[in-house]
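Quick one: the structure is below, and I'll ask about it shortly.
A, B, C and D are the chain letters, set down in written order, and residue numbers restart from 1 in every chain.
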């Protein structure tokens, strides 16, 4: 196996996640898409850890940190969503624009 | 006593500082005593200095290092030469008398001590000016006397005319000062020194200046100049300084206005000492003018023109002090004429006698003004009865000014006219002679209008106290007899001023010319008598003269001319430039700011608050960057 | 004595922190701390000034400590970023000037009653910044303190200024910030050009500090820049960058419009600081970097410098005539004076360099004095508009008298410090550019015109009836006036006290630029 | 040979996983039913976990399964259900075709360039070993976390705690 297929896979997954994050109107879906992007990044980290001339465990460590932070992010994101939904009765990202200008 | 010369200027400075810190609590008598003592001691020292110089000749300068200035070191100090010693004597003598006179003239003024402070500061500066050891030091004191003049002219600052006159005096003389300033710099650059002796030594062999000039500047003009033009330009610039200070045409306009100051100030500063500094400067820099015929010729012409020009204005003025002021301008013109034709001794001689009789005339005028509180000639008259001493001394001064033998003015003025005639300047001689005629007319016009006829005012005039009359008497005595120190029979002053052989051009006595000028003076007096003694004929005469009278009365409209061609354009340009600055230069800046602001405002609508839009734009941004990176190659 | 400069820079900061620790209501304590915090460094500066060795041309009282090192910064050279201080004959007088001006500003600011605590903190911060700028011996240290003056100046204008203070403060920030950016480019460019040239030349030329080529040390750049012959093309470009920065920093025409606005909107104390010390930084940069290290660039642009200087001289003088506000008048007057310095620098004469330092110090003192007296009369009359004033000599004789001294000093009256500065500058100018200098000398007449005209309308004439009743200077106000007048007279009568310090360094610079 | 790769078990496993991931992701984005979306989401996360294991990162893979496929997915599904009303209403309010196409085009360009770059770049040589580390990855990770990365590790735990508390505070009903 070589490095490239993994990087390519990660790139494609990243692109799909990005598409979801930019087009979906439901905040939950957007969050899910972001998780997919994070997963793509994790694939890269682990793949590099594996394929570097001198394999290095730190890639995996970073991936773990990533996962932890992603979990925290999802928790906070969903909490905001619930709070938002309760007050505005919507989970549409287009309604979350009170901070413009 | 020669070692004490430095005390002469320092004493008034000390008096100034004492008055500055304690003057407010002192009585008028104490203030006057301190001040008069300061200059009187100086006068005594000056007498001994003159006597030792007469025996010894010029002394070497006494200096200390002041500032390291490029490759040279500027020194400050003093130098006693024959010329300096003479000036020292004249200045201290006149100062002492004016200080004494001011006591009663300024009596009761709430800023009495301030007045004496300024006077002391002035005398310090003036004395420093006359015994200076180098050109830069001369310039420093030159400016200091100017600022003292500014302060004293504006002494009654609450009078708007005085405020304007003070500013005008400073700025007009400043024009001249800048000329001198540049002249000093050019001389320094040419010779590498500020010392008179060094500069003069270079003037004797131009080749030494050639190298200094060659090393200078990337400016094309320096390469076009020969040493001769360099010297001429320097001399002319130095002369510009003298023109400003000595109120020569065309910078004479400040002096008559300066009469807004207290009369003792006019006597001391604007008649006897400071305005003569211009002549002194030319005398001090005499070798420089000798080295450039063109410069000397200019000096002579300006002097001659000023003499007749100012005298013509003096004929018609109504203000007693203004008449005398124009007379001063005119007489200074004589001195410049003397310097210009090379008559060094005659010029200095006239400077000295003029200091005496003009101070006398001003003080006598001051005595009159003090007595009747007006300066308008046509409100005076018949004062002979009330003020006999003032009358007598004024008459002596007037006779001296008119050049009637054997009064002081006759000898010195005649010297100058003879020199002008002998050196071949016939036109200038004619100017001088006509000016002499005018002089006799206007001063006796003043005399007759003031002292003869009947008194027209209401206030009861009376003679001032001893402090007023004593200076008048002393000066009257000097105005009468001072001329005898340099008669053709015994040229004492000439010998004193030329210890190392003749300087400049000293014409032999010419009895014919003497007679002509004496007759001219008498003729002038007769004209004045016939026109003004009765009072009636003057108006008719003025009408008959028509436009000439108007020209003279309005001072040839010079003030109006300057207002129109200098002041108005400068102020207009300033206003215009201010507008440009505010709305065009700064406007461009603000426009730039506004464009940025407007851009920001319009772009803010593109930020719709949708995070997905931002993300989309970022995607395109990144895509573009990546495409560019790909196209440039090597990066990806 | 080694750490004296560090102390001078740090003490105002410490005092500022003390001020912050005080309760906001205790104005008296805060003012006392502010005064002491400015006075002690000023005394140290005086001690350093007196101990200054006039024969030595290197940076004196050196203090250096490495803050960080960047390996492989350029061409495998290591860059040490230092906190370093040191002064020579140019910066020593300016450090002293900051000491005088800052101390007197603290006294003047006793009159500030609004947000006293933060006012004093920022004044002390600004003091620290200016000390740091002039005492810095490293490019990094210099720039760090330069930026800190920017912050403090901005806040001082923005909080305690006049009606349009936000506008003025923003303008101040943008212009000086822009100048800083350009200056930073120049400084880094200088270090890198030096590093590459020195590395290339190290085979043929002995370089004392080899192989430490990449350096931010001003003294090393000063001593070695001329050894290695930086190519003329690089010098030209760098000089141009520095020139642009200085034009903005020092408010030369046409980048001047921020200065009148700033002065017009600032509090008197801030004006004293800005006009008295802050506005000397630009030309100090010129002398320190552009002139000393890029002689070929200077030679190439000398005429430009002179022309730009002349434009500023005449433009400033003429617009000053039409100025209706005292503070704008002073601002334009100082633009005019600084133009003269630029002209003299362009002359590349030793005397011009010496005159430049004289003028910086002298105009610092005189501008501070002018702003102080103008502010003092405005405290009483409530206006800076010249047309609303009149006859102040009657009610405020002392303030008017000192104002007159300051005005005459600015006109260049001998016996006051302005004269010898102007004279030196003109000697330098005439030696190189007689025609331009002759035109510049018109400014001497114009200066007399606008200053004395303004004086006439302010202090002379009958008293303006619309003005309120006033009392003359109180004891506290005597202190700054007496000290400043005394210093102005001291410099005017004995210029040697300044000239001896400047002379050696000016000579060294002149030797570098071949003047 | 398959895309220039030797056909081994490894390769086959990779392509299977890749297929699962991509298809699930596409489903995830195109389906509208909540439950279907959840299932495809699990597919993506499990596929990624498989890739991790394929790369020898067994510990990370297991964490991925636990955290993502387990916890996060459940959380998402719950949220979707809680806000079902909103979802039902707004599910039709998708982006316009224009916007969708532009976004797709932009992302396609981006991904294409990245793929091109990946293909053309010089990468370090291949490692054939399934497990390049000579020790257990768990040991290695433990060493790294508790020695070298102690501070970040502690910070992460702090972040998690804060996030936990913060979520509660934010999501709590206002009094």
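What we mean here is this: a residue touches a chain if its C-beta (ideal position, glycine included) is under 8 Å from a C-beta of that chain, and two chains touch if they have at least 3 such contacts.
Computed from a predicted model, the values in this text were never measured in an experiment.
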item	value
Centre-most chain [mean C-alpha coordinates]	C
Centre distance in Å when subunit A and subunit B are each reduced to the mean of their C-alpha atoms	89
Chain centre separation (subunit C, subunit D; CA means) in Å	61
Inter-centroid spacing, subunit D versus subunit A (mean Cα positions, whole Å)	7
Distance between chain centroids, defined by C-alpha means - subunit A, subunit C (Å)	55
Multi-partner residues of subunit C (each touching 2 or more other chains)	none
Per-residue overlap in subunit D, given as positions that touch at least 2 other chains	99, 103, 107, 110, 114
Multi-partner residues of subunit A (each touching 2 or more other chains)	18, 22-23
Complete list of chain pairs which touch one another	A-B, A-D, B-C, B-D
Subunit B - residues contacting subunit A, complex	604, 607-612, 615-616, 619
Sites on subunit D touched by subunit A in the complex	3, 5, 8, 10-11, 14, 18, 21-22, 25-26, 28-29, 37, 41, 44-45, 48, 51-52, 55-57, 59-60, 63-64, 67-68, 71-72, 75-76, 79-80, 82-83, 85-87, 89-91, 93-95, 99-100, 103-104, 107-108, 110-111, 114-115, 118-119, 123-128, 132-133, 137, 140-141, 144-145, 149, 152-153, 156, 159-160, 162-164, 166-171, 173
Of all residues in subunit B, those that touch subunit D in their complex	616, 619-620, 622-623, 626-627, 630, 636
Residues of subunit D defined as touching subunit B within the complex	99, 102-103, 106-107, 109-110, 113-114, 116-117, 120-121
Partner subunit B, residues of subunit C touching it in the complex	171, 174, 253-254, 256-257, 261, 302-303, 315, 318-319, 321-323, 349-351, 354, 391, 393-394, 408, 411, 413-415, 419-420, 423-424, 426-427, 430-436, 438, 441-442, 444-446, 448-449, 452-453, 455-456, 459-463, 494-496, 499-500, 503
